[in-house]
Amino acid sequence: MKQAKDKGLSLDFVYPQTEHDLSDAIGEQILGEQPGDYYRDEAASAINNFRTTVLMEKADMVIALFGDQYRQWNTAMDATTAINKGKPLIIIRPKNLIHALKELSNKANVTVETVEQAVQVLEYINQ
Amino acid sequence: MKQAKDKGLSLDFVYPQTEHDLSDAIGEQILGEQPGDYYRDEAASAINNFRTTVLMEKADMVIALFGDQYRQWNTAMDATTAINKGKPLIIIRPKNLIHALKELSNKANVTVETVEQAVQVLEYINQ
Amino acid sequence: MKQAKDKGLSLDFVYPQTEHDLSDAIGEQILGEQPGDYYRDEAASAINNFRTTVLMEKADMVIALFGDQYRQWNTAMDATTAINKGKPLIIIRPKNLIHALKELSNKANVTVETVEQAVQVLEYINQ
Amino acid sequence: MKQAKDKGLSLDFVYPQTEHDLSDAIGEQILGEQPGDYYRDEAASAINNFRTTVLMEKADMVIALFGDQYRQWNTAMDATTAINKGKPLIIIRPKNLIHALKELSNKANVTVETVEQAVQVLEYINQ
Amino acid sequence: MKQAKDKGLSLDFVYPQTEHDLSDAIGEQILGEQPGDYYRDEAASAINNFRTTVLMEKADMVIALFGDQYRQWNTAMDATTAINKGKPLIIIRPKNLIHALKELSNKANVTVETVEQAVQVLEYINQ
Amino acid sequence: MKQAKDKGLSLDFVYPQTEHDLSDAIGEQILGEQPGDYYRDEAASAINNFRTTVLMEKADMVIALFGDQYRQWNTAMDATTAINKGKPLIIIRPKNLIHALKELSNKANVTVETVEQAVQVLEYINQ
Amino acid sequence: MKQAKDKGLSLDFVYPQTEHDLSDAIGEQILGEQPGDYYRDEAASAINNFRTTVLMEKADMVIALFGDQYRQWNTAMDATTAINKGKPLIIIRPKNLIHALKELSNKANVTVETVEQAVQVLEYINQ
Amino acid sequence: MKQAKDKGLSLDFVYPQTEHDLSDAIGEQILGEQPGDYYRDEAASAINNFRTTVLMEKADMVIALFGDQYRQWNTAMDATTAINKGKPLIIIRPKNLIHALKELSNKANVTVETVEQAVQVLEYINQ
């Protein structure tokens, strides 16, 4: 995150695949054409889950960013896996998602509203 | 589930709190009035998560039912916890949610479209 | 707990040794006289920890009751063990202990102020 | 610890937040003003627990220092978490706390009375 | 197993789906026709793995029977899962499979050549 | 144990194979003659370890009895496994074995000198 | 793998012992002549399993390559251990093994048909 | 080990405290005089167990060397802990200890008779 670098924090950030089209296409790109949308999605999600699992396993903490645009059940899944693996979790979500995220927020270590606040939590680790 | 009983399966079903109003109100009902919506939600979700955790811990398998009405991040969280705990998981979701649920579906043991199909999977255990 | 029985909850309650004198004396009572207070305490706590471990292992949930009288580091230890083992934990503590218990309360599933409230949480499991 | 450095031990020490005022204020500092003391404490402890969890996860051993001044239930919680995670634990406590800490001391790997003694235990690892 | 009953052992036996045709067809039977053999196999194996996982989780010990007819990679997978979960494992295999099964046999608790011998091991538990 | 029954404790006791000759012969008895003493011992110990694992998995606590007669490395192994599995462990050993058993005793929950004392610890669970 | 190096991926690859004759002979080579084929196999597989366990423990992900030549129960065992340890697993298998590998494939993270495809999955981690 | 260095293996070896007198005296050396032999042994073993735990936690594999001189219940305990933690274990023991060590040997990954053979197993990891 740019904000973290600006503050001089020496952290490495890795992300789930954020290029949405690549994320959806990667299954057929590697495994070849699939017989319909369901199978295309299954092939893509297998590879995206593989990628996320490899990266999360190496992470010391996890930040989950929720917004209004998508249903983000994959974000909820990855955030929950962080909780269950004991990897400290920060959730970032706008005020209007408080109600919808209340159970996940209750299990997260810290919930904030802005990326700036999340960076402040990271900064605090070394204070 | 009625369908399971009709087929003579001797299974006990327990559920997350499905009475929506009670689920939202339980925090203030037990802990007293809270200073605003955020705190009301936090109090309620603490008690709902406590309840779900107690019940899931005793379950041999978990069925997660997704629909169009809510964002259901709590369902995604509970389903992921089942996966992480090694409790076999069936996801039920309508066809139009295939894309949104693809990553969670990839990690579930079985994904079906109807309650009837989920009951058939349960039946198969004893065949 | 009497309150739980009055409400018709079919729960079995087990407790750490609450007879304070027996708890302090049990080491010498079984192992014979020890060479000083430190050794008397070590012998007693070994046996009390053995007892608590056996009982907690069989528990589906744990309730930790904090008050003003003792330092209760053993209660904090047993409550933390419940958290670490994934056993759902309710903390009961009076208002004046909010500040001192804030970190443990943050990790507990639910924190309440009275035994009556804890019983309401237990009741809610079956609602 | 200065004593460890003086002896030439090449160990890195990290600590829970020891600046007491910052530790209490960090919640409101990051998340904004909270509606009362309870909520201020909850916000602060969430962030302090996040910080301690990140640091302890990286630690090879844990030293818990008990004194007379505070109730230190958070210290007891962190020490117990070290035990439950299998991270070797040294407790440092003055003689007058022997009785109050007897159960936690029984579960710790080693209990000593002075920082100097704890450093001697660390030194012994490389002997 | 008939031999165990004849000896009066009070054990309950559950099995992977041994009706081969049902095992292969169960995916399409529940989920509807699939677009080709690969998808038919994937659907069937998801449900068979669900079934085996539910049953093995309840088992106190596991017996894996290897023969010449099939490649039995699923048997090797289920046997390995038993090992990794700490469920005591007996492998039954004919002499001519010694070489092919040597690594799995090395990790199993006991390897025998006949069902009769496996039953003798079960009998020995109560001797 | 007779002493536990005399006191009216409703506990079930299971044991490692205590009939020494049967324990040594069971490998060849089930698997047939082995090519020498080493192989006879390996065959027997596989089956004895299988038996002990099944029984210990079902135990709520473990009692290890050390004496002067044998080297009892298997007892030390089974006692350590109990510790590592979090099963509360009582060690019974005569005074003259204090020095040889000091490290294992340090990790056990409780160490006593007589069967009578161990039974008193068991009695205390229900007091 | 040559393909991964050609693409500039900075990964270290370690393998089970692929020199088949050495793999079969290593037991007698280190432990001396064994009394027959069964004992020769047992000695060799103990050392090969030791080697594979050491190497897999250090791996961030696991790739299992199945072919027509051998029964490869050891490959199935090692692949399953990767799954059970939460190490992301890619299976490579030719089309004609789809049916025989369907249960293991269902539990793997990703299944592909060629080494080239597996390398593409590895590449995708850093995209 | 000198043999491993002679062969050019780049391994770091750490050991339990092998200076027997220091090992016995370390408790009183750090904690001061204890009231009798039992308490002296308890103090020493706490610190020795702390040391061994720290070192073993960092080890990738464990080698346990048994001989005729001592009862070595601590060696059996440490070796069993390696097994239970999934750290690959080599046991070295002379022929005359085969019978006494048969159960532990059955659970170890590899058992050899000489240090030279153990080094050959280590060498094989990189072959």
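Descriptive notes on the structure:
Labels for the chains are A, B, C, D, E, F, G and H, by order of writing; each one numbers its residues from 1.
In this text, a contact is a pair of C-beta atoms (placed from the backbone, for glycine too) under 8 Å apart; a residue touches a chain by one contact, two chains touch by 3 or more.
The model shown is predicted, which means the values in this text are computed figures rather than measured ones.
Where touching is counted per the definition, the chains common to subunit A and subunit E are B, G. Shared contact partners of subunit A and subunit D, listed by label: B. Interface of subunit G with subunit H: the two copies contact each other largely through different residue positions, with under half of all numbers used appearing on both sides. If you average the Cα atoms of subunit E and of subunit H, the two centres end up 37 Å apart.
One simple way to say how far apart two chains are is to compare their mean CA positions; for subunit C and subunit D this gives 22 Å. Annotation for subunit F: residues 46, 49 touch two or more other chains.
All chain pairs in contact, by the document's touch criterion: A-B, A-D, A-E, A-G, B-C, B-D, B-E, C-D, C-F, C-H, D-H, E-F, E-G, F-G, F-H, G-H. The part of subunit A that touches subunit B in the complex is made up of residues 37-38, 41-42, 44-46, 48-49, 70-74, 76-77, 79-81, 84-85, 98-107. Subunit B contributes residues 35-36, 39 to its touches with subunit D in the complex.
Residues of subunit E touching subunit F in their complex: 60-61, 86, 88, 90, 109-110, 112, 117, 120-121, 124-125, 127. Residues 17, 19, 22, 26, 29-31, 46-47, 49-51, 53-55, 57-58 of subunit F are the ones that touch subunit E when the two sit in their complex.
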